[in-house]
């Protein structure tokens, strides 16, 4: 008789165009909001007030968790994200589900693994699309027998950035400077500016397990110390959320990320690591709504080294360095754990004064 | 003057037929649901969606916690459960209370402790009975002076199993295969089948303390490292909930346990232990509602040894072994921490297709 | 360009009469209530039932957290509280904000720090004042250049106690003895009585970080193990809440603290410390509402030493001892971490019987 417990797909099990849906449709509540605050310390007023708007990263983690059973139980690494868009606001009481489609396959030359590209689309109960994103993940193969995708990989065409004119506009209730404790509107940020967020946060297994379970992400590597030689891998999403929570300091008026152009987990984190964050302003864009503008930001999360202290010496904290083993190539220094390129929405001065 | 702080009853304080009620009536909310998911990772769709149905184990832990102050502050061990029934569904907004009655007393031959049998009945605010169960617990005595229950123990008559025809039927909203990520309806399970659930979960003091406090269980042994020589005993209910959460994998369409025939905490667990779970299908029963059936399941929770890996060698994982000190008697191997025999409700194929 | 990340005020930045407001207006929900129970184990029925009344200490921690960014990012120590009053009940759905005013300044003779006295007033969304308190905090100076407040400190006049006739009276729904598991009404307590609460609770970094983040308190010393040499300082408010949660045992009928006369964090606590609590009855007062009375209580929280066991030997547990370095002066023994003097409301016998 077939074992009923599910052990997950391997690289060979996926086909181009394959469609999947994972458990569990999840209703968003005040409980998820309070837990998200308790686990990250995020202070963005937009997501703490009476409107009960769900934080974009709560939406992301919830629907990401729904993909794990079908996509990544046998993952070696979660390689990257692209073309992530938050399309409609989500409120307490909404129920989220995700649909997945396999849009790319590439077997690695090692023949023991391959990369699967997955397009994800999340809906709420009335059929409204609320979010979409593509992620790619390295999956183990069942055997070393080659697949057609060794010689003929199929790679999807993915945008490097989400064009700002395609950012969804929500009906916003703007916060005040007083509510945010901040002083900076859209116009105050300049391209090329670097913002240090100063706060450091030390990770621990209990917090990361609770966070990962909150989003019903069942990847074993985060939970089983027995099999992980005592050091479970922290869920990469935790670094995203802690980085974003720390980035409140200096981006206090923000209304929430609206698109993620690209994202890479560059090194793993473990219990005991302390995370620090800084942000580079990459670009600015006007939007059809004259009360707000979009900042393209690069958020870098660093472990066990405070980049603001490093920079006090007058040096610029490097995001990439030369790869000693590959002349002419660059790599991320080992203390950088996350490189995220996203569009953030901020109010304009005029709208705040009016 | 009498000390006002309560130090709990001892064996001698209980009398047959004694009735008790403990603090604290507790209102069920979205907060309890979100925390239960965050602490266990349970993904059963029935308890995550817009109906805001309260998980049967949230109900159990809540009302169990209400018994601790009156019954088990001076417990040596929580010995077993029988005749546990979930009688009516509980939703967000309902407030739960418990009534206790002493139905059995037996002093141990050591004269330093005795066993108290307690019948527990839980109600919601409108007087509807929502749950009942019997548990027995070993309590310390105040003195070595013998009681009448040394020579004449009074043992209640308890059913070995809850007859399936007595299982309460709730008005169910059936999940779909898509929502659950599962493939198996009631008919797909066979008596004698063993289901491995694969996921391992490592316990830690923070999670177990948070879980135990969530249910206002005030038993000191779970919280005071100073007096427990650095290793608090994990609340036994935690193993029940983690085992059940893991058992989602292979029982995805389940609608929730409806009765517990028997339950035994066979060995203690501590921070650092990793729990794995498997389930044996003991029996199947038809129910008056033709859309569902009942599976009688035996859930075994194991620490620090993955029973699915053990079984890959072709051996059957043993639940009991010969007791080396008592020839002819059996005992639980030291890595088995929980043996639970319960009735689970699952949809039938026809109801899912219709 | 000015760094946008905020690094906090120093002593020199404050002026008398300066008014401030910090982030983040926060809506109280079932999520906050459930998390507070899960993190403290508080069992007071008044704050667990269907009325969805917010625990006075949830209100305190929430609005305290809102002051950190403006007041205490560069704090050396949180020295004390006075004149703290809960003025109106807060329910699920209410949104809390705080206003601060600098009412005293005193530079220390060391010239590297000074004490800032802050009057805090918290409101809910409709403008109702719900709470106020004064706290004073030692802040680092930017430079050793003296300020006018070295020679001419300005110290506010603060009441030693909140007069009981000024305690706010809420429309109360009294609990029953059954709901609380308690046996004692207002009349049963006597001035001079000492109540041991027996329960011990061991602290850990995960729980304290989650608790502190829940209230959006961003003081770095609680979160950054890297900079704190591996031992973050526990948020002092955690000892307040665990002490109060433990004090349920012996004060089961309580309706919640209504004023705090004074409070001192006397020694720091760290992960691994086990907290025990006892309470001395300092005074009793009648109130205009004949169904309730006010007890003035002194709550002492002790680390790593159970005061009830100490007292079994017949000795009285000392709250202060002679300072070996300052003859004639007293100090707190090193295991006492909190000394809190507050007014608690309890039902009278007649109101419970009626």
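A, B and C are the chain letters, set down in written order, and residue numbers restart from 1 in every chain.
Here is the rule we go by: a residue touches a chain if its C-beta (ideal position, glycine included) is under 8 Å from a C-beta of that chain, and two chains touch if they have at least 3 such contacts.
Keep in mind that what you see is a predicted model, and the values were worked out from it rather than measured.
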Type of chain B:chain C copy interface by residue overlap (half), same or different: different
Angle of rotation relating chain A to chain C [CA atoms, steps of 5 degrees]: 120
Computed distance of Cα centres, chain C from chain B, in Å: 37
Set of chain A residues in contact with two or more other chains: 29-32, 34-35, 204, 206-207, 210
Residue ranges of chain A touching chain B (in the complex, touch as defined): 1, 3-7, 21-27, 29-32, 34-35, 69-70, 93, 95, 97, 125, 204-207, 209-214, 216, 218, 220, 223-227, 232
Residues of chain A touching chain C in the complex: 29-35, 37-41, 43-45, 48-50, 52, 178-182, 184, 188-190, 193, 195-202, 204, 206-207, 210, 249-252, 272, 274, 304, 306, 308
